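Labels run A, B and C following the written order; every chain starts at residue 1.
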Amino acid sequence: MTTSLASSILVTIIGEAVLQDRLIQLLTKLGVSGYTIIPAQGAGSHGKRMGDMAGYNTNVEIKTIVTPATSEQLLENLKPLQSNHALIAFCQTVNGLFD
Amino acid sequence: MTTSLASSILVTIIGEAVLQDRLIQLLTKLGVSGYTIIPAQGAGSHGKRMGDMAGYNTNVEIKTIVTPATSEQLLENLKPLQSNHALIAFCQTVNGLFD
Amino acid sequence: MTTSLASSILVTIIGEAVLQDRLIQLLTKLGVSGYTIIPAQGAGSHGKRMGDMAGYNTNVEIKTIVTPATSEQLLENLKPLQSNHALIAFCQTVNGLFD
């Protein structure tokens, strides 16, 4: 029972749902073909400033497993979105079975 | 292409959906203004004891990015909830772009 | 304010929703009684080959906290599923409050 596990970078992006198409286009541009999308609700500093009714924003969480180089490019490309949109993104090294 | 990444603590709380308001109040009390909420289904030792029909409970997953000190306070404050509710919480160090 | 935290392995499995029952049976077989299920949408190499209409598959994300030995068994048992199904799985060490 030995499992040969690959090591990769899990990137999690959480942002306003309105960004979903743009985020997928960015992933495609960077050659990332696999990702997972989960609808979420969020509150945050941006969210509160925007003053939406229920105090929550409709967010989306996108996860992808990429190489260290791609994760760096991805975060670099996400940075400009932060000036106008509620968005966070973070990286974690994971070991596992990848497609 | 150099991305200056901040290092922070990702805290993930998974508990019964009935706890949602109380968890958000706790986050607010600790000065945490940003978090993400995702509805989930769960099974677990508590869940099984509660004998709900489908074998699943309605759970909620709350994620937040905080400082190490706040993550410690948060877990300390969550501990008492575990005696009466199905609840887990865990911390991970992440690098990324935060709001 | 000292929190005695346990260290455990968080295993995240993301696969086609059609695998959900089989994945839960596998968890049960390995003695894993606690897990969380979140519906998700996914795109990936397998997904694209399957040519579903919207370009997305209906996926499911299952998370569980287990011992290192169980995480290894779990991934070993998941491996064969990858030949016929879109499925990824990865492990992370986490510290926290567990049930």
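The definition used in the following text is that a contact is a pair of C-beta atoms (placed from the backbone, for glycine too) under 8 Å apart; a residue touches a chain by one contact, two chains touch by 3 or more.
None of these values were measured; they are calculated from a predicted model.
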Touch-based graph of the chains, sorted into line, ring, star, complete or other: complete
Angle of rotation relating chain A to chain B [CA atoms, steps of 5 degrees]: 120
Distance from chain C to chain A - Cα centre to Cα centre, in angstrom: 19
In chain B, residues with contacts to at least two other chains: 38, 92
Parts of chain A lying in touch with chain B, wherever the complex brings them together: 12, 14, 38-48, 56, 59, 61, 72-73, 75-76, 78-79, 82, 86-92
Parts of chain A lying in touch with chain C, wherever the complex brings them together: 1, 3, 5, 8, 10, 24, 33-38, 63, 65, 92, 94-99
